[in-house]
Structure formats: C-alpha cells, structure tokens
C-alpha cells in the first residue's frame, strides 16, 4: 500500500476518473472496463458500487490497478445489478500521509428515502470550511476525502428526493467537480458551472453511460452522444432516459486546457476535437515557433509522441525512437531496495544508443514540472553520444499549482515558478529549451486568434496564475495568489 | 498462478531471459535489474541464486514480474554475495498444464566438490530421451523442465571440477541453448555450437556480466564488451577475469533471425547492429517490395512501430498513431469474468477514430501467427471508418513451429501453414496483405545478397521449415519434418 | 472471512469483550494482551484504537484471533501512545449476513472538541428506532452495528465536552451495555443501570485499566481494584486518576447469571467470587439435586470441567477424562469440504474408549441449547461401549433468547422452548437428563435462600423469560414475550 | 514462516506424524482428518500426496496447521484418488535454520517403473554418511531432510519393483523410523527392527489405513486392527488386502517409552494399553513413591492432567484446576513485539488465584526439560498466594538427548544432565521436587517387575543414556556417549 514513486514525480497527475452505467445487465462489469480505460487518470485505487433490487447496494474498493482487482469472477459476482458507478483515484486533496481504503470512492450514504452513492473528479476548494461547519452540526466523517462533504450536505438537505438533495449540496460547494452518482433507479451526472473537469454521455444498447473520457465509451462499445454541459445535471433512468437540469447560475465555461496537453488519452475526443490531433498540432505550432537545425526528432515516450510526430512533419526532420520505454514498468514499489530507489527513470526508459550516437537530437516532451526527469533524460542522451540536445516542450512553463483536482507540487518546487526560460535551459544543461507559447497552445486547441486575455476561453491557471475559482481553503492557509496587474 | 491470456496468443513467445554478474557488491540487485530489462523474454516467473562465503547459496523463485518481486528490500536481503545469476521464463517445453514453482530456474545441484546453479535459455531437443536414461540410472527429477537434465548429467560426470562437468553434460545435449551458471567463485556462460540463442558479455566496474541482450547491460550501467561466440564457454572469476573454452566441435553459426524481427528489445544491439535500425530497415524493404497507395502508415503498437517508421519514411506516406495502447494492461488474469475473456485485444488497444476515419490505412505489424488478433484489429479499424486497410508484415509467413526455446502453436494452428498469402488476405478480410520476403528480411539484417539457400546464415526454420538441429523428441512423437527437396 | 461453524452452534455466544488502558507506555500492546485474555468472549474480529499526541488517533481492525494479528511488531508500531482501547467481537445484532470490517469496533468519531473512540459489550435494544431517527436528522451510518448509534447521538449532543456528550447519548439508549471509550486524554468506562454486562477496574503501575473480566488484568500484571458499579461512569486520566459519575436514575442491579455459568473464564473473579469455584459449586448442587448410580463422572471439555469436578467430589464417584479435546481445533473454516462440514464435533472431541467401555457414565455439560452437540456426544460415548449415559447440566433449561449482547438462536430452535425435560431426555436418547434448578443455581452463586421470585437478584431471562429491559426493537418485529402470570 | 516459540521450548517435541489410506473415495480428505488428529506430533508444516489413475500423483505441502490448509474445498479438489499418504512435521534433524517448503514430506520420486511417495517419522542416524555417499555417486538432493536419502537409495536399487527397492533402501538405513509410502496401487507401511516409533493398522469400509496413533483412526471412523510389528513391512492394495513382509534381521523390540509419557494423545491405545490409563497410573505410582502433605493436587495443563487425577485419587487429596489454559493460544508468532516475546507462559496459562490462595499445592507435570517453564509456573503459583509448592514429575529426569526423531536440546541444556534432584529443587525454588523412578514408570506401563536392566523392554535413552542404536552421525560430530559401566 505505501507507494514509492521512484520517478514520475515530475508530471502533474490527474486525480480521478469516473464512470457509470444504467440499463445494462451486469453493469459493474461495464464499469470495470470503463475504469480500466480511465486508469491513466488515477492508479492508486479504485471502487465500484452497484445496485440490484434483490441484493441492495454493494460495493468493492481496492488499492491497485483495475485489471488486478475488478476482473475476477469472484469479486464481480458480488456486484450484481443493472446500475453501477465507479471511480479510480490518484490521491485526494487533504489526505495527510497514506491513503486509507475508507478514502476510496464512491462514497455511500443511507438517507430516509433510500441510499445513494457518489463519485467525484475534481477538488472542492472550500472543503475544509464545509467540514468544520458539518462537524459542528453533528456529522461524523469517516474519511479524509473532500468528497465526503457532498454526502453530508445531502443528508442535511430538506428536499424530499435525492437528485434535489444533490442540487442543494452542490450549490454549497466551490471548486471544480464532475460527479457521477446513483440512487436505486437513477444514474446522475453533474459538471460544475465552469465545466473545468470533463464528463461525457454515451449510449450502450438500451442503456446509458457517463464517463470522464470518450475512450472509456469505446472499450465497452458505447456510442459517444455528447458532453455534459458545464453547470448541467443529467438524471438518467433505464426507462425514461436522460433528463437535463440546470441547478447553477450560468457562467462562461473554463475547461481545463491541460486535459488537451497531457491528462486525457490521445484516443479520446474532447468537444469535437481529437486529443491526438490537438497534440500533433501542438508539435506543428512548436516547430513554427521554435525551429532548430537537427538530425532527429525524438519523443519522450509515451506522452511526447504525438507532438514529436507533428514537429517532425512540420520541420521535415526525421522522426525516430531514440528513447525506448520498458513495457513492464509499473508505477510503484513496496519497500524498494536502495538501488531501486536510485535508479529513477532508468527503470523505465533506455536510450537507443545506435540511433542517437553523433546526432543533434530534438527531444519533445509534454511538460516540465520539477525538471528532475528532464535532467536525467538529458544525461542519458548525452552519455549515448548525442552531439546536441534540444528540448521542445508541448506546453507553456508550469508556474502555478492547480487546485482543481490535479496533484501539483507546492509552487516553490515548480521549476518555472523560480526560473526564466534561460535559467531553466542552463539548469537542465541542454543546448536549447523552448516552450510553446500560451497563444500557440490556444491556436493548437482550435482558437484561431489565440487566448482572449480579458476572458480566457480555458482554465489555464497552471500557466497563467489566473484562477477562475478562488482556492479559499488554500488562501486561508497562506497561499499567495498572483497580484492583479 | 493459472494465467488466462485474453490476447497475445497470436505472437510467438520467447521462453527465457538469463543474466549473471560476478565481482560486484550485492550482485543479486544487479541481476534483478538485468532481469527487469529482459522481462519481455518471459513474464510468467523469475528466479535468482546468489552465493556469499558466509551464507552459502541462496535462492528465490517467484511467479509474476521481476518488479513486483525482486525489488523489495526484505527479499533482496536474503540474496547476499558478489556472485549471482537469474532467469525469467515464459514456460518450458514438456510442462503439461500449469507451471509449478519447482519448474522455475535457476536450478541448483550439490556436487561432491560444491554446489552449482544453472539457468538456461533455449530448448533441449533430446530432453525426453535423456530423462528416461537418467531415471533408469537412478536420478530423481524434481521438475518437468528440460533444463534439469543438465544438472543430473553434471552429477554423473566423472570430471573433478564443475566447469568440466558442465562441458561433459552439454556435449550430451542437443538443441539450442544459452546458459549462465555459477559455482562458489565462477560465473560461467555457454552458447550452443550454432549460437541459436543470444548471450553477451559486459564489464561493470571491476566485475563482469552475462546477459541475453545488451539492453540489460545498459540498465545496470555496464559496458557492452562482445557476444559470447557460438560454441564458446566463458569461465569468469572476479580476480582472473574471462577464460574462453571451446568444448564443442566447430560449426557454422545459425543465429535466430526472429530475435531481430520480434524477440529482442529495439534498444538492444545484436552483433554490431541496432535492433531498432534493423526493424526500421525491414520497413524500408517492405515499402520497396510491397508499395500501396494510402493516406496513413500506422503501426500495430508497440512491436510494429520501427518498421512502420521505416515504411512511412521510404514511401513518403504520413506516419500516425492510429491505434493507441493502454499502458495499464498486463498480460494475465486470475479467473477472469466471461466478459473480460471475450474482450480480447480491446482491453489493450483502442482505435484513434478521429485519425482513422475516411483514410486508406497501411497497418504494419511484426508477424502473423494464428491471425486471430490481426482479424480483430482489422475490424476495429473498419468500425472506426477506415476507407481501406492494407496489412504489411515485417516478417515472412510463419509456417513452421520453433523447437529451440520459443512457444509456438502446433503447426496446424499457424495460419501460414495452411493458407497461401491470398487465402490469408481473404481470411483476414483486408484490402491487401503482404509479407516481407525471406530475401528481403536477410537484406534488412545486413546480408546484402540475401539468403544463402545452400547454407543459410541464420536459423529461419519458422519460415523455411529447415531445422538446423533435428528436433528428435518431437520427431519421435510424430512431428513431420519438411520433405527434402 | 465467511466463517463456517461446523459445531459450537450449540452454545450461547458472548458477543464481545472490551479492554482499555491509560497511563502506560505502548498502551496498545497492553490492550492486545488484554483482548487475548478475553478472546473467549468473541473470536470473529478485533480492533484497537490508540492515541499519541504526535500521531493522533490510530486504529487497526482485523478479522481473526488477537494472537494472529495484534502480536506483530509491524502492526503494533502503528498504534503508538499511552492511551488505548480495544474490542473483540463475535457478531452484532442487526448484521444481516456477513460481517464487514467496518462493523468491527471500536468506532471513532471526530467532534468539534476533538475525537473519541468507543467500544461496547452488550446490545442496544432500541437501536433500530434510534437509527431511523438519526438518519431522518441527517446522520450518515457507516456500519450495521447497533453501537454506531452512540457515536451519532454524541455528535448531536449540545454538551461541550465528550464525557457529557456520552452521558447524553447513553441516556437515550436502552438495553445492556458496558462501554469503554477514550478521548485524547481520558479513558472512560460505563455500565448500564442494571449492570447486566461486566466491567472491572484495575491498576497497573501508575496507570489504569478497564476490562470485561479480571483474567485480562492478570495477563498484564494489573491489580484488580473493583467492579464498575451498575449505572456508574468512570472518567480516568493518567494524572488525576478515577472520577466517578452517576448519569442514570438508580435501579436494582441485574447482573447476567450466565456469566457465572459459561461466558466468563474460570480464572476470573466476579464480585468477590471465583468463577471456577462457583462452577464447582454448581456441580456440588447438581449432585445433591440429581444423584445417580454410576462408575465415572466425565466432563464435556472444557466448559463442563469445574462442575464435573464438583459433582465427582460431592458424589464420591471417580472423575475421569472420558472425552479428549483436540487442542489444534479452531472454530471456523473457509469454504470447507463436504466431509469437514459433516464431521461436526468429531473434529474437536474424541472419546477415550478404553476408559469409557462398559462404564455407567455421568456426562457433565454447562448447558443445552439446540441439543445437536449433546446428541452427537451421546452417540460417541455409546459407540465406545458405555453401559449407560446420564447427562447432568450445570444450568437450567435455556428456553428464551437473550437480547442483551449474546448470540442466541431464535426461540423455536431452543430445545427447552419446545420440550419438557422428559421429552429432551428421549430426544437425546440418554438414560437420564437433569438440569440444575434455578434455585440451585442461585445458591451456587451465593444466594443462600435461592432466587427472589418477586425481585430476582440476577438477569436470568434466558431461563425464566423475565426480561428486565423490554427488547423493544424485537417486540416491534413480532417477538412474543412471556405472558405475565 | 519464521516461528518464534515464546514458550514450550521446555518440552521434548515429537517430530512427525504419518498417515495413509487406500481403497476409499477421496482418500486425501481422510488423510487430512487423520493428520488433524495427529497434529500434536508436529505443527510446523504438513503435506499430502494422492494418486488418481487419470490425474497421476498430486501433492500439496503447506506451513501451518492442517485445519488451516487441508480443509478447503479448493485445495482438496487438487488431490483426487483412492490412495493417499500424509505427514505433519515439527522439524527435521540436519536442517540448519529455517525450514523450506521443499523439506516438507512426503517426498516423491519418479522411477523407471513408476512413481512413489514416502513419509517418515523418526530419524536416520547415519543420514549424513549416506548423503555423502549418494552425492559422490551422482544423486542431486533437493532438501536438507534425512528422509530424502531413502528415495535416492531406492532410485539406485537394482530391484524391479518399488516395495523391493524400499526394502533395499531401508536395509542401508540406521536409526528409528516408521514409514508410510505409496505407489500407484499400493499403500506401504514399515517399522524399524526395534519398533522405536509407532505405526498402527486400521480398517475403514473396504479400505485400509496406516497411522502413527489410534486416535487418528477414530476420527475417520476406522476400526483399529493391530500394530505393525517392529521390523515388519506391510504392502496393502485395495483388492488383495494386507501382505506382511519381514525385510530385517529380527531383534528384540525397544518401543519409545516417552510415547506413553507425553508424545501420544491420551485417547490413543498403544499395544493394548490406554495412554490415558497409563498416565493416570503414573500418577498413582508417583503418589506412592513421593507422597507429601498438601491441600490440592493441580495439573500443569494439559499434559499433566491424567497423572494429576491419578495422584489425587491415590493420595486422597482434592483435585482442582489451579492453572487455567487459554484455549486461543497457538504456538508461534511471526515477528512478535518485544512484550509478546517476554510474556512467555503467561500468554498461555493463568493461575486460578481464588483456588490457590493459602493452599499447599502439588503441581503435577509430565516432564522437566530445561526447567524454564517450571520456574515461571512456580512463580505464578507463589504470586497467587500459595503456601507451599510441590512439584511431582510424571517421568524420570531427562538427562540425555534423543536421536530417534525427537527434538531435544543439546545435552548441556538439559537440567537433569547437570544437576541432581536436590539441585534442581533449589534451582526451581520449590518446596519439594520428585520424579517418578524408572522402575515406577516401567510398572505404570505394565511391566510389573519394573525395568529389566540387562535387556530393557523399552527405549529409554533419554532417561538412561543407553542408546539401542548408535547415533553414528552425532558420534562422528563429537557427541560423547555414556561410558559403559
């Protein structure tokens, strides 16, 4: 359980993926497959709740990969019914130290009108204040998760049915959240008013599915119908289908632009754009903004690959796999040896020496967070005899932490928070280092005229420091927001 | 333990990887890292034996990945010493049904002059005859592994030291084998007279390493020195270094050509050739031999990627990732649900629909064995709206089973054993299907004038049916060899 | 986890043991030892909560024996601090089907003035009504345990400190309960107004202990101080010692008489009486009330042994071990074979044939519940060649279920609920069957003039059907109380 | 796996129990039950081998109790067939440090005429010399067990069938051994020429059973037929029944007298004597030899109980349970806390204070080995307020180690090897200490005129130092035998 991450602490980490289905036999099996397709959004633990009229609500929560837990006949037989939701998680805000199994979603609550389960992707930025208020009123918290607030708020609502109690609860909540929930008959999906985190609707046979991304609809053979709108709540039953409700005051949407850059799978579709194609286009923009003479364009696998293909295509410089990824590398170790701890990225990546030797190499990576991995990769490339190393980064400098459901280091650990591009280049010891511009990124995601500085089309707080929702718990704890200009 | 393989039964499977080091502190840690880098050669189980003057021989054998077992402080502390060898395995010839932990190598034997451990990559083609003979003489076998014969032959040798006993034993053995072995002071490596399976020598600090492939030298920071020659035995001690012995009658070498095509990792070097570059070159040859008009060259990940890059480069058709691989997919399940069993390749691969739609797609794969996966991939591509699907295969038709340490289906299960190229194309339902020619493959591995039909430079029995060593156990059981022409 | 009980379903089962200490280093270790000594009160699961100023509250809950879980260095290091409480359980009222780990006590709640943990022996007879009320007011229940009500009642109390909140909560609770609880500084003990379940106070060094029985004080070397009084609450701190509070209206005490007969360990002291001596005295009374000519007095091990010694002594008939107990028998199996399921009592007991053969045997057992085990023992004795079999039972006929924290079958399953003594004798097929009279039992526990029928000194509802607290949840569900005479 | 024994290091430990059946459906289930009944003979590990014509030989070996392993449907289904043997073990001679699962019997060997499995109770006193010889001839040993020699000797025999090969092998073996073995059709039992270790024959339905003790026949409902004679080999088939062979030169029998005193279960029958009755009679003899004025006769549970009953009966002093045993105490811990390690006997035994207080107590125990437990018990009794403590021991002073299959400390650790009776009394700090005389013990086992000093009827080497078989491996290592008188 206590995971040691010998590398990969140099990426931002999406904290959750959510999935739900209604109106299909053995719904939990579909949820398991959906969560497997969303595993990149959270690898620490997963949970599924199902409902069957004869067996009531059942749940299973496990540490580890979906494929190692939710594939066994024996476990899945304990999750019968036509309605189920599930969750994969990386870690929640607010947890100190080690995650407990009781922190793993979905959460379940028994209300006087019946039970409900809820799973949540995002982060509630006023969770601590809410928790204090609820405890004062007599609620007993079982977990350290911010999501448990929602269940307790629902328990105290004066409304007579569960969807209305959920509306009540979510109106007290600040932050970014996409929610899937279920009662005995209803599958419910909600996105926060800004629509920061994704949530899509799919059709499978006579039933319906909700998912963080479209790639999870593909795996179960569901048809992609549409995105849930920012601020929309859908209440879905097997017989009456999808009912749409707007519980919040309308606002201009601010979808997370980093979903395009890194979080979402390349085979997913966001809006009507292919994530793969967006990333390839980022590479094209980057080749225009930051050209350099070289012999080889080489991705840092696997997340840098589409941008590298785009860069190579636009620049005309040959594309090649200069770094090979070990397919048998997992993410964590239980009490590893000292040697394993020190191996870092070499456990996962090896240089294709014969290809690299003597070449001027352009390395294309998705982002630079702490810069630790970038340094090690550069060293490996130089050890293998590269003549020059040029880094091209498919996102702008990550200078601000995310408080909307992404695991980011404290601001002072972010390389771009303390260094200029030139300082970073020297720090990494490469021949050149270029990030795509914020405008270039907006162009790649389809905003032909770039970023609208007065009213940005996306949430890009990690690059710009402009937070669309005030992170009030963090501000209370002393986080210094960017001064208004 | 009972592995269900929902896909990947459509590849040939290397059965083993071997690794050993002498003259380094905590040798077993290095072996664990080496085996991790060789995990692609065998995922079912692994074992390590180490020797320490104060603690004697110690061993650990485990089912599952190296990274899940041989990374823990607690286990590795039980394997002290400066000398260690290890093994990863897929499955051995001769095992009926389920593998037992006692079948997992290295094997250990106590002789009157001390103990020895031995690990082996390959297959002994006269193992059953040897086993019968040894049992008649009073040997007690503990495993169903062909490799245990070597230990018993050594126990009965009249020689006075272990390396000479090993020479005695290996002279009675037929087939393909690369061996690493150890006594209390010596690390020993041997390749069979034809050199069918690989074995390389590396230098690490003041010590030495033996490995199936160079990529495992890279991970521990060892320098690649040279290949062990076909028919060579090396006896290595920390103080005296490498002694070379030639225990067998010299023969012309017949290295396994499929190591170039699929088994070895692309970042390994065989002889003086980069495996990645060879595979890219296969793509180039394939583009020349079998051009087609199309919009996109798309690899079947991950093994088809280098050839696809080569094909795209040579043909000028854009390269793109039309199929996305789920990184969290392992290979096996314990008692999976029916649904999981039926998912097959969709658990691992998803189509990048937005990229594929409306395009004429060239899919580049490394090989076609049973054809089951190829069919499913074709269906996924067509479902996603591809206009045409053209398969290009980076190896000749696999028409004969391998008896030299590779897990192949029975001959009648091999698609190419019963169908012509046209029949296969119709069976797979694709617009065109082309395999690289045997001569083209030989050119790609550096034989400018192609295959020498009278005295082939490689073992290519899986394509040609010409077996350089008679598979005598199999022939005895009724296997029909190709009629002499 | 799913326990199969192949035998022993023929005993009443105490549902819980509780233990707590304050003012000693590594308090959790003492709690583990105490729970080990109380294991006979509950074998299904156990839990410990400890508090350390630097590490806060920590808890561990496990299925299985204390000795298999709470003895390991590794686990116990996670439970630091000078203050800890613990619980062993058999099963709780209200749980349908399988126990979940979340049902295992102690329960923990975070209040605005800090956290508290609570463990409970007994049963809350109005738990279901309380639960409905609390859910209506917005409480979220995590377990199916009746004990969780106490935590939620505390959360809603308007009092400013935890002991007063506990008083508030317990005044709403009906039934039988002994409670140990803890805050960050206080160890708290409470017995219900009737004092149905036991709770004793001990002194250990400069610290204090609370325990269900004195045998658990012995194991940690604590000195027995006194019983907690019925209706008393003690609040203990390391520095100020024991403060005594009386939160309830005074009532005449009604201690459970079956604690003397069976539940408590023979080496415990209840009040100022040795349990062993009481049981021996029951045998003496039984020999006087129900003499019979015979050759051998033989206990049904182990619970019948003291009464058999008393019977033999009083009657002058030799005492002998006619039935031998297998020491390696545990209580439960995971998915046992059919044969194991059918073995029943023979897995645990064997007849000492040589001793029994040809003898007239008096078998002394503590109680008859369903009578299933008694029948099997009788058959074993006759198979071994006994000339006669006379059963003498150290308790009156068990004709009514217990609702105060004891696992009893439904009334219709109790042999004595549907049969007279003669009918039971015929049903069991023995030569004679005699139970001790209720008056004889009262004399054995020290009430010289027997039972005071108008105001019984003990709770003997299982024999008399006179329930000192109305079991309101059960009555609501249709349980028929004894008609007033 | 690494067992810590916090107490009980103060008993001699039988090293093994063996059991086999032929001619019954699901034979392995019967073996599991038999081994459960023999668990007192070995608690570290157990193994079962079965044979089924369609499934061949199957085996399972596990650390821990029979009841925790060999009761599950899932495991037992892997052991089909009508013929099976099994083994429970404490530890084998010759194993250094920790037992490996490969050391757990039965051992299996594949011979040219088919396979055979063998399990063994006792100790081969020339095992090391045999092992050296066999390794010189080319045998590969897999375990550190002395029993493996038998299999290798059999493999080298020139005989044509397995029973004759076993005769050949056992004639080369010195020491004490009872063996059960099996081929594809035969169940085989052998006792060494002196008959040191027990082995009995039973009839079950149309089949047959072999067992270390009769109590294991009882549990499966088998009828006790007779003992296997010293030096007898029985070969049993389902259809032809029992064939008796005498492979050894006849010798006068020397059964282990300690089986009567401690090893065997009290409900077993040895020869035609009840073990319980023998032990009771030892108590009677002890009361005659070593009377003392006292108020209470109290057994050290459980092994001292029958002798205490006999002592109380003969002396007329009341019998009482002054020491209570915790039924939930197992024998071993995995990495226990310091506190657990120091608890020793208090984890298992508690004093019945109310009974002991102020009394002159006679404690009856079966033996004194190191004396460590006796000291702790004495302290507990005195702490509880006993007026006097008198130890009466149901065996003579244990002054010599056993080399015939019993785990004994080295001679210098045996209290009686270095101290006289008076010195032991002072060392233990008791008011008196008396051991039964060797002649008294012989009388209790039925030898009316006591021990025949010139030709003792039993092996009593642990008391007398007269070893009926020279322990040659030990003598070679320097063990000093008693000087001839």
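Order of writing sets the labels: A, B, C and D. Residues in every chain begin at 1.
Here is the rule we go by: a residue touches a chain if its C-beta (ideal position, glycine included) is under 8 Å from a C-beta of that chain, and two chains touch if they have at least 3 such contacts.
Each chain and its UniProt protein: A, B, C, D = Amidophosphoribosyltransferase.
On a predicted model such as this, the values are computed, not experimentally measured, just so you know.
Participant: Could you tell me which chains make contact with subunit A and subunit B both?
Facilitator: In this structure, no chain contacts subunit B and also subunit A.
Participant: Looking at chain pairs A-C and C-D, which one is connected by more C-beta pairs in contact?
Facilitator: Between the chain pairs A-C and C-D, C-D carries more contacts.
Participant: If you average the CA coordinates per chain, which chain's centre is most distant from that of subunit D?
Facilitator: Taking each chain's C-alpha mean as its centre, the farthest from subunit D is A.
Participant: Let me have the rounded angstrom distance from the C-alpha centre of subunit B over to the C-alpha centre of subunit C, please.
Facilitator: 63
Participant: Need the CA-centroid distance for the pair subunit A / subunit C, whole Å please.
Facilitator: Roughly 51 Å separates the two chain centres.
Participant: From the mean C-alpha coordinate of subunit C to that of subunit D, what's the distance rounded to whole Å?
Facilitator: Using C-alpha averages as centres, the distance is 37 Å.
Participant: Please output the residue numbers of subunit C that touch at least 2 other chains, ranges allowed.
Facilitator: Expected reply: no residues.
Participant: Touching pairs of chains, all of them, please.
Facilitator: By the stated definition, chains touch in these pairs: A-B, A-C, B-D, C-D.
Participant: List the residues on subunit B that touch subunit D in their complex, please.
Facilitator: 102, 109-112, 132, 135-142, 151-152, 155-156
Participant: Touching subunit C in the complex: which residues of subunit D?
Facilitator: Against subunit C, subunit D makes touches at 26, 29, 33, 36-37, 39-40, 43, 65-68, 71-74, 76, 215, 218-219, 265-267, 269, 273-274, 276-277, 280, 302, 305-306, 309, 313, 318-321, 324, 326-330, 333-340, 343, 346-347, 350-355.
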